Structures are given as structure tokens and as C-alpha cells.
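Shared chain: chain A. Partners: chain B in the first complex, chain C in the second.
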Partner chain A sequence: MAKFFKRYRDRITGMFFVLPAVAYMLVMMVYPLLYNFLLSFRDLTVMNFKGNTSVFVGLSNYSTILQDPAFHQAFWQTLWFTAACIVVQFSLGIILAAFFNGKFALAGSVRGLLLVAWMMPVSVTGLLFKYMFLTEGGVINDLLKMVGLMGGAPLGWLINPSLAMWAVIITNCWIGIPFNMLLLSTGMSNISHDIYESAAIDGCTVLQRFFRITVPLLKTSILSVLMLGFIYTFKVFDLVFMMTKGGPLNATEVLSTYSYRQSFTLFNFSMGAASAVILFLCLMLVGVFYLRLIRKDEVM
Partner chain B sequence: MKKLLALLLSLCMMVSIVAVSAVADEKIELTLWHYFGVDYDYSDGSIFQKDIDNFNASQDRINISYEFVSREDLMRQYQMGAISGELPDIGMVDNPDMASYIQMGVFTDITDQLNAWGQLDQFFTGPLNSCTQDGRIYGLPHNSNCLALFYDKDALDAAGLSVPTTWTELRAAAKALTDPATGRYGFAISAVKNEEGTFQFIPWFLSSGGKLEELNGQGCVDALSFLNSLIEDGSMPRDIINWTQGDCNNQFISGGVAMQVNGPWNVSSVNEMAPDKNWGVALIPRADDGVNASVLGGENFGITTACENVDAAMEFLTYLMSKEVSADFCEVAGKFSPRKDASESKEIWVVDPIFSVFAENMNYAMPRGPHPRWPEISTAISTAEHEVFTGSKDVQTALDEAAATVSAILAQ
Partner chain C sequence: MVKTQVGKLRAVSGRVIAKRMLMNLIALLIAVAFLFPLYWILISSFKTDVEIFNKNIAYWPRDFSFVPWVHQLTDNDFLFSLRNSFVIALLNMTLSTVFGCTAAYGLARFRTPGKKIIMLLFLVTQMMPGSLLLTPLYLMFTGAGMLNSYAAPTLAIATGSIPFIVVTLRPFFLSLPKSLDEAARIDGCNAFTSFIRIMIPIARVGLVTCLVFCFLHGWNDLVYSMTFNIKASMRPLTANIYKFMDKYGTKWNQIMAYGMILVVPVVLIFVSLQKYIVGGLTSGAIKE
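Moving on, here comes the complex of A and B:
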């Protein structure tokens, strides 16, 4: 026995160190997840909420949801929203990061200022943009009119189903660009300047330097930015909720607002739980993929 | 010896402090959550909170502390509270939502206490029904309201028109009052995609003979087609799909619309913010060969299942809904008392040119539900409205779908 302790002493000590974190995760994350998971196999609605008389219904919530056109719409819109946001915020983020990586006056402080957009509470940003996107009297329509990009009727950013998603995407990119820039420029500053100098001596152009040196050496940062960006964007809720509540006509409905609406507006708690599980599975898939990529990288 | 004396003395003092605070603790503390607006002195929330202050000052056994919680947050709190038990002692609910929360077990059955109180026969049936489930009563209606037409007298006079009473007259007047040069629209309702949108749609289909049970029948089709024709004429802004009733009223105040449909709770804000406006109120225009119709709104208060001192809460509730308090509150806040004796006790509902019209309209006001799944019914209706107003579906298709959803719920 003593031998056992001696042999595993370090491990046992280590376990005590992780215990608080594990306990926290169990209570705050694993329990709600499990509860939600079990809920999705029952038929809890407003009618049987009291007295806990809901029964086990197997996968029927899932089959109802998968046949619901509104869910399909929400699913594809979530993917479209995520893809559009990632493309825009990553490409603008990396350009800005490269720009601010240069050694010029105020580079550091301006980069810091840009982060304000990311540090603001999302609900505040959502509310501000909601007012900026107003059809009548919104500053965005006024600006478009001033520079002559919009003739005739003002654009119904948040009331026109085909425009509303763009308004939300633009707002989300405004938050996402500084986040991408921050992570990428941290990666960039780790690349030694000697490499650039010798490349410059060898006659590399700026573009060559960017694509042949910066991008390959940034691979790990780029992957984590893309993965984290995907996860943050895919589970968007507060922004959509503040700006459009999923409307007009479900045009900006995403999986999280769909789940919220099922649970908190329509009182179909189990349907809400089932759609939350689907959202969770999508994110878990990406998360597992991300972990594998990192592990491979670290071994190399 | 001195030390011992000092110790004893300080002990005595401590005991007396504890004793005093123990006496103070005996006062029953109850919490109350409401979503009445408290933005200015004459807003309903300020008047309501004064009622509570008066109750607290009138006796020294019970203290009610109130808190403003936005309507949406409050509804979410009820659901979470039903599981976790974290509820206020007394809470406010919009009357069509009450049935859902009774079903979820948020409110306590107070039928016996109310019967002992002996004043239930003074309450109007419609509002009281919204607190009732399977013959048991879970709360009391606090105020009632209905919708009517607000119109700008000067604008109508300038166009040489009289106040519209039928749909044909309304359509013509809305067109005549629309002025693209000043950006003024002739008419607006709120069609926001929530309970407010449904609330505002109900008077129209009731007037043309539509029924909740037959949403795709001719009456409802006519009503939705008529409203859509106002948008297509350009006399009602398409933005109404995002306008709450408050937004609608702000547009009326600022002159952005010349006529609107709204409720008596907005009368004081029009007077306050546009004191020079020459305006009036009329019955909602009826279908050309239809009937006058309106819709019943209002809020209820119930004692929650988390309340440990139902008797004290009942004492407050019966104070709040006594004839005098109810009559005074409703008179100043621009609402209707759900008590017959209270409404009869004030002249304002008979002589005031605006409130007398609302009083007449109350006769035509239909209650919503009560049904525990009313939120689903309401969502189906406001969705159909949105589909038509955004032009994504025609009237018949949109209403066919809504009717399928609603009849499936009603059939259960």
C-alpha cells in the first residue's frame, strides 16, 4: 500500500489540484447537459409541466424537429451565417493584423482601440446596430444616401426578410474582426524578424513574404482562430435576439433562437431541449476535430 | 470584578439589540414583481407603486417590496421559478398568458380565500375567467383595457373628411391623409410578431364575422386582405411588422401617422408629449356589413406557489382590488376597473370625451383564450399576419396554415 502511494504520489497530488475544476464542471456543465439530454427524450410541455407527468417518448421529438421546415430553415441559416461571418472576419482580421504588425507610430495603441468593439457587451452592440439599421432615420441608410449608394426608397435592413440576415452578419463581423486580429497578430509577433529580413535581402516581394512566410508559420494560430470563430459564431444568440428576435418571418432564425422559442415562447420544453442537443452535437463535432488538430500539431 | 461587570454589561446590550431586531423581523416581508412602466410621474407604474406605498404605511405587520422586471424577463422568470422555486410572492401576468402559468403551477389556488372575501360577484366575467382554470381561481384581474381608433382631428378637417366608421371609409381616409412629402402615413396598427400583433389583429376579423376556430374562413380572409390593401395602397407603412403598440403611439405623437389603433394606457402619453395636438378617439371602423368589435386586454395579479404567507399576500391583494383603490388607480392610469362597482363610481368613463368612447368599446371587447397553449395560437396568428404583410405568402395560404395549427391545438 505504501509502495502504491509512493509510486503514484505525484498523480494523486495532481488529482487534488484538478478536483475543484472538475467539481465545478460537473455541477455547472455536465449536469445541465445531461438534464437537457434526458429532457429531449420526454414530452414535457406546458400541459404536463406541473406534477412531472411527462413520459419517455424516445426519438419522437427529434423526428418532429427534423420534419419541421422552420428547423431546416434555422439550420441552413445558422450555417450560412457562420460561413459568411468567418470568411469576412478572418480575411479582414488577418489583413489588419499584418498591417498593425508593422513598426509605425501608434500601431500598438490603435490596435488596442480596435479591441473596444470586441470587448463591448454583445447586447449593447446589438441594440446600437438595431438603431443604426432603422429604415427611417437609421444612420446607415443616411450614410448610404449621403455617399449616393442608395437612390429611391430606403433599405428595410431589419424588416426585409432578404436583407435582415446581412444586417446581423455585418454586426457580427464588426465584433469578430478585432477578435481575429488579436489572435493572429499575437501569432505574427512570434515570427522572428530575421526571417523577413533575410527574405527581403533575397528579393522577396511583400505578397511573397506574406504567403510564403507568414501564412505557413501562422498555421496553428489560423486553425485555432477558424475553429474558435466557428464555435462562437455557430452558437450566436444574444446578437440575433437583440436585433431581430429571429424575424422578420424567421429570416434570421438560427438554431439557438429556434431552441429558445420552442422552450420559452411556445412552452414545448422537450422540443427546445432536442434542438439544443442537435446544436450541441454540431459544436462537439467541430470541437473534437479542433482538439485532434492541436494534438497533431503539438506532437510535430 | 470590574472586568466581569463590563462583560455582563456588554452582554446585556447585545441581548437587547438582538431582541429589538427580532421584533423588527416579525414584520412579514413580501416581494412583488410587475412590468408597469415607471418612466414618468403619471405612468401606470408610478401610480401603482404609490398604491403599494400606501398599503405599507397603512399597517405595520406586512411590508411589500416591489420591483420592476421587464415583461419578457418576468415571463422567463416564472418558468425557471416554477422549477427552482425562486419566485416573487406576488406577480403580474398579461391575461392571455395566465392560463399557461396556472397550468405550469406558478400560481396558488386562492378560490377559498376569495370566496371568504365575498366580493367576487363584483368582478366582470371576462377578466375573472382569465384567472380561472377548471372552476378554481388563481388570481384577480387588476385592470382591463380595449382598443380604439385614435385620429388627428386637424388632419381629417384639412382633408374635409369625417371620422371613418367603416372599412371603405377608413381606406379612403387613410389614402387621403397619406402625404409622401412630409413622410406622413394615413394609418397604422402594430403588427409586431408577438402577442401585441395578435391583439391588434383580433378586432378586424371579429368585425367581418371571423372566428378563432375558423381562421381560414371568409371573415378572417376578408380582414387580413383589407389590412394588406392598406399597405399596398401605401397608406400604412410596411414597417408596422416591427412596430410595437408603443412605437405606433410614438409615430402618432410625432405626426408620422394620422390615425392609429391603440389602447387607453397610451392616452396620457399623447396628452403629455403632444399637448397641442387636436385629436380624438372613435370605435374601430367595422367591416362594411359587419359589426363593431374590439379586444380585451389587461393584467392579472396572482400569489405564487413559492409564497409562504398566503394570508398576508391575500390581505394585500384584497386591498389592491378593493373598490376605492381599483377605481382611483384606473381613473388616473387610464384603464378600466374589472370591478363593476368601481367603474360605476367614477364619472370619467361617462363624461370624458376620450374615455367614454373606450367605455363604449368595452362592450364589444372579446377576451383572448383562456387556453394554456394560447402562446402557440397567438404565434400562429401573428405569423400569418407577417407572411402576408411581407408579401411572402398570399392571404388564403397563410391563413390555411394558421388554421391547421390552431385547430389541432383546440381539438386536444
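Moving on, here comes the complex of A and C:
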């Protein structure tokens, strides 16, 4: 009986600690999420918001969006943006992580310094690269000309629809590389040096060491970095909004800017809600795998 | 025999030293190339108008001008936004830390019912895009008359910060021996005082990481402040950038000074707390 009581008390105490945060998340996140979901089946716009006269319209918002060419463009551009960013930031991130895993005086401090790129406000990063990518007076065109990579007219990075996405991708990689490096280098520092030493005795080359030892031993770490990378990149908003606002000619429109435009430029709240739901479903496709991967550690 | 071995060792260590020198050199080159944008924002903010509009780009300002910085720091609109940035960041830091730390401790220490689902809730939240909450929260805040306030962006930002704290800090509490808690109880602490007096001080490395990141979440926020606070006087620096760009057009030295002032606190925090940030992040943010 006393044992039962003690166990019961333990649970109650635990609930006291956990309850405030859970209540907060229920009110500020779960409820809005459900509200957003319901909203996506109605026709709420700025016109009928005050009178509260919106009606249930079923799936018609979804079918409108799925038939909208601008949505298709935004969807494929988001995928392309995500894929390009992940390939670049992961491969450079893992190379840098391996490099800074070496024993030399500047390893720690330089690796730390690179992280500032990731911690800066994204709005400032966007602004800064917007300035650097200017056609006239932008330092990137000037540097390209200096090293002889740009012969003719200066490149219109942010005004040419076929170049704008590249400018945003490059900027996003600048933010993402140090983050990938940080997460991967933690995994690497956990690999015992004995393994490398015995490999060195067996005559292993640097490349063999990387692909035969580092990569297989880092498998879980690599998988979770890739999935986290997908999740963070796929929902990009601030950077695109600051650099191009989705332009020129929708060339850099992604799902989150599309959803934002529906809700807060066109004030078509239900359409914004429906496109946000689609964005969320895409994220959860990968999110489920990520959750399964880390489940063992996080949720006991 | 012995002599030749010593000679060999010397040769090897000579090679190792040369290799380390080379690696230091490469590290420096990487830093210079990668951090060039930071150099660029810094020197651009000290350029004169003449130099900014000059077609030949100067990689080192001919004359340093403090005019853009002075101009920003004496502008009333700017100072108001700066204050708003600090208020929102500090509010988010306080709110999220109080809710997040207690939950992290509760989930690590007690047999809380529904633990699995609660952890799942926090993990899923970390993956959610801001745009998913934007429309419903906007409508809720409109209904509650909360637009153009500090509360609206803060409450929204904390939905990201609280899960971050729980996920980052819970492993810290898990790694502390349970006997610590029990000893505190025997000495007359209850669960709450033992949390405040024993657990929090011991978990301070993780706690500092959380404080820093919650401050930065608030400081760096753009989308919530921009959407919920339409009045420029209630917006933080990030959300007022566009209004500001209309005002200065292509005076990029002014714009870069504005950006620098947003970056300075981040760099200061980072330089002074680097070991906490890197240590705390890597122990909790990702699992192996």
C-alpha cells in the first residue's frame, strides 16, 4: 500500500513539472494546428472574417491549389532547392568535419568561428548576400571578373530567373555547411583513434580511411543529419523572403512563401491554411523516418 | 642501433610538425574564404557614400567613416526597433526557459503518464514550419486583440523554443545520478526545491546553451513579428528591415551598418560562451 502510494506520488510530482509546458503547447500549437486544419476546409478570406460567415467547402481549396500552376512550380522548386542544398552542405560539411577532426592548433577555434554563419539572423544573411549578389556593385560579380570566370556582361544573379535560385541556394549552403559540420564532427570525435591507428598500420590511405571507417561508423549520425537537413531546408522562408520574395517571375517561390502569399498578401486565409497543410504533410513524410531513427534514444 | 631509432623518431616528428603547420595554414585559408561575407558586411558598414556608389569596388575602405553607424544609433526609429528586439528576445528566453526546463526535468526524472506521447509532441513540433502556425495564430491573436504587442510574437516563438529546450536539456538531467536527488530529499528538500537548488546548478552547462538559443530564437525571428506586428513602432529590427530599405534605397553602407548591429550581439554571445554552445548543442541536439 505504501509502495503504491509512493509510486502514485512520483507520478503526480512528475505531472506538476511537465504539465505547464504541455498545456502551453496544447493551447499555442495543437489547437492552432487543428484550427488550421479546419480552416483549410472552409472559405475564410479577409472579406468574410469579421462577419464570421465563412462556410464549409470540403476539399475545394485543395483541388484549387493542386490545379494552380504556381503551386506546382513552387513545389518542384522547393524540392530542387532542398536537394541542391543538402548535396552541397552535406558533402562540404563532412569534408570540413573530417578535416577539423585532425589534431592541429587551430582546429577547434576555426571550426567554432565558422558557426557564426549559422547563428546569425537569417534576415541579415539574406540582406548581406543580396548586396553581394548585386549585378552592378556586387562583390561576387567583381570577384568572378577578377579571377577571369566572367568574361562578358555582369551576371544578374537576383534579376535573372534562371540564376536567382542559384543565388538563394548558395546563400543557404553558407548557413547550412557549418551546421552539418558541427553535427558530423561530434559523431567523428566519438570514433576511437585506435581504429585509425591500426588501419594506418595496415597501410590504409586517407580516402580508404574515410570511406571504409569514418562513413560506416557514422551511419546513424549521417542519416539523422540528412533528415534534419531535409526538414530545415524544405521549410525555408526567411531567406527567400529577404532575398527575392519568391521572384523574379516566381523563380524562387517555395511552398512556405506560396502559403504566406495566400494568407497575407491575398488574405485568402483558407488557401494559405490548405497549402500549409500540404507543406506539413511533405515534412512529415521524412519526419516519420527521423522519429523512428531517434526513437530509441529520445522516447524511452 | 639506438641512435638510428632516435634519428628516425626525429625525422617522423619533423614530418608531423610540417603536416600540422600545413593543416593550420589550410584551416586559415578556409576561414578566410568562408568568412569573407562577414568581412564584407563589416567593411561596407564603414564606407562613405562616395565609396559605396563608386563603380570600382574597394576591398579596403580608403577612408573609414563612422557616419552609417552613428546615423543608425542616433535614429529614433532604429532605437525603438532595437529595444523591441531585446524585449522580444528576453521575454522569449524567460518564458521558454521556465516552461522548458521544468518539463525537461519532469520527463527525465519521473514516471510521468503519457511520457512517450509528450516527447513525441515536442519532437514533432521541432519539425513544423512556421507557416503552419502563422495563419491560425494570426486569426487567434486578431480575435483576442493581441496584434501589435510583444506578447503575440513571443508566444509564437516560444512554441519553437520550448521543444528545443526539452529535447536539449532532458539528456542532461537523465545523465545525472538519481542518488543526487535522493540525497537532497533526505536533507529535507522537496521535489521542487531539489530541482531549483541541486539540479539546475548542476545542469548549468545545458542551461546556458538553452538560454543562449532561446535568446537567439527571439532575436533572429522575422516571420512572426513581421506578421503579427504591423505597426513599425512595435516591430523588432529584423521585421523593420524592409521599411528601412525603402528609406535608404541603395545606400548599402547604411543597410550594412543596420545589419551589423543585429550581428554584434550574436558574435559577442558566441565568443564569450562558445564552449557552452558547442558542448550543449552536440550533447542534446543530436543523438547517436
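As a working rule, the second predicted complex is superposed on the first by the 276 of 300 C-alpha atoms of A that agree within 3 Å, B and C clash if a C-alpha of one lies under 4 Å from a C-alpha of the other, contacts with A are read in each partner's own complex, and residues count from 1 in each chain.
As a convention for this text, a residue touches a chain if its C-beta (ideal position, glycine included) is under 8 Å from a C-beta of that chain, and two chains touch if they have at least 3 such contacts.
Here the structure is a predicted model, which means the values were calculated and not measured.
After alignment on the shared chain A, the placement of chain B and chain C results in a clash. Of the two partner chains placed by the overlay, only chain B lies in contact with A:I159; chain C stays clear of it. Shared-chain residue A:V147: touches no atom of chain B or chain C.
Of the two partner chains placed by the overlay, chain B and chain C both lie in contact with A:F264. By the touch criterion stated above, A:L207 is placed in contact with neither chain B nor chain C.
When both complexes are overlaid on chain A, the residue A:K103 reaches chain C alone and has no touch with chain B.
In the superposed pair of complexes, A:L291 makes contact with chain C only, with no contact to chain B.
Taking chain A as the reference, the larger set of touched residues comes from C, when chain B and chain C are compared. Of the two partner chains placed by the overlay, chain B and chain C both lie in contact with A:F49.
Look at A:L281: by the touch rule set out above, it reaches neither chain B nor chain C. Clashing C-alpha atoms between chain B and chain C turn up only in stretch 76-84, chosen from 4-12, 58-66 or 76-84, once the structures are aligned on chain A. When the two complexes are superposed on chain A, the residues of chain A that touch both chain B and chain C are 49, 136, 264. Of all the residues in chain A, the ones that touch chain B in their complex are 46-47, 49-51, 135-136, 156, 158-161, 245, 247-249, 264-267.
Within the complex, the chain A residues that touch chain C are 7, 10-11, 13-18, 20-22, 24-25, 28-33, 35-36, 39, 44, 49, 96, 99-100, 102-107, 110, 112-117, 119-125, 127-129, 131-132, 136-137, 139, 142, 174, 177, 182-183, 186-187, 190, 220-221, 224-225, 228, 231, 235, 237-238, 241-242, 256, 259-260, 263-264, 269, 272-273, 276-277, 279-280, 283-284, 287, 290-291, 294, 297-300. On chain C, the positions that touch chain A within their shared complex are 20, 23-24, 26-28, 30-31, 34-35, 37-38, 40-41, 44, 52-53, 55, 57, 98-100, 102-103, 105-107, 109-113, 115-116, 118-125, 127-140, 142, 155-156, 158-159, 162-163, 166-167, 170, 191-192, 195, 216, 219-220, 222-223, 227, 238, 241, 252, 255-256, 259, 262-263, 266-267, 270, 274, 277-278, 281-282, 285-288.
Residues 75-76, 79, 82, 100, 103-105, 183, 193, 238-239, 241-242, 372-373, 375-376, 379, 383, 386-387, 390, 392 of chain B touch chain A in their complex.
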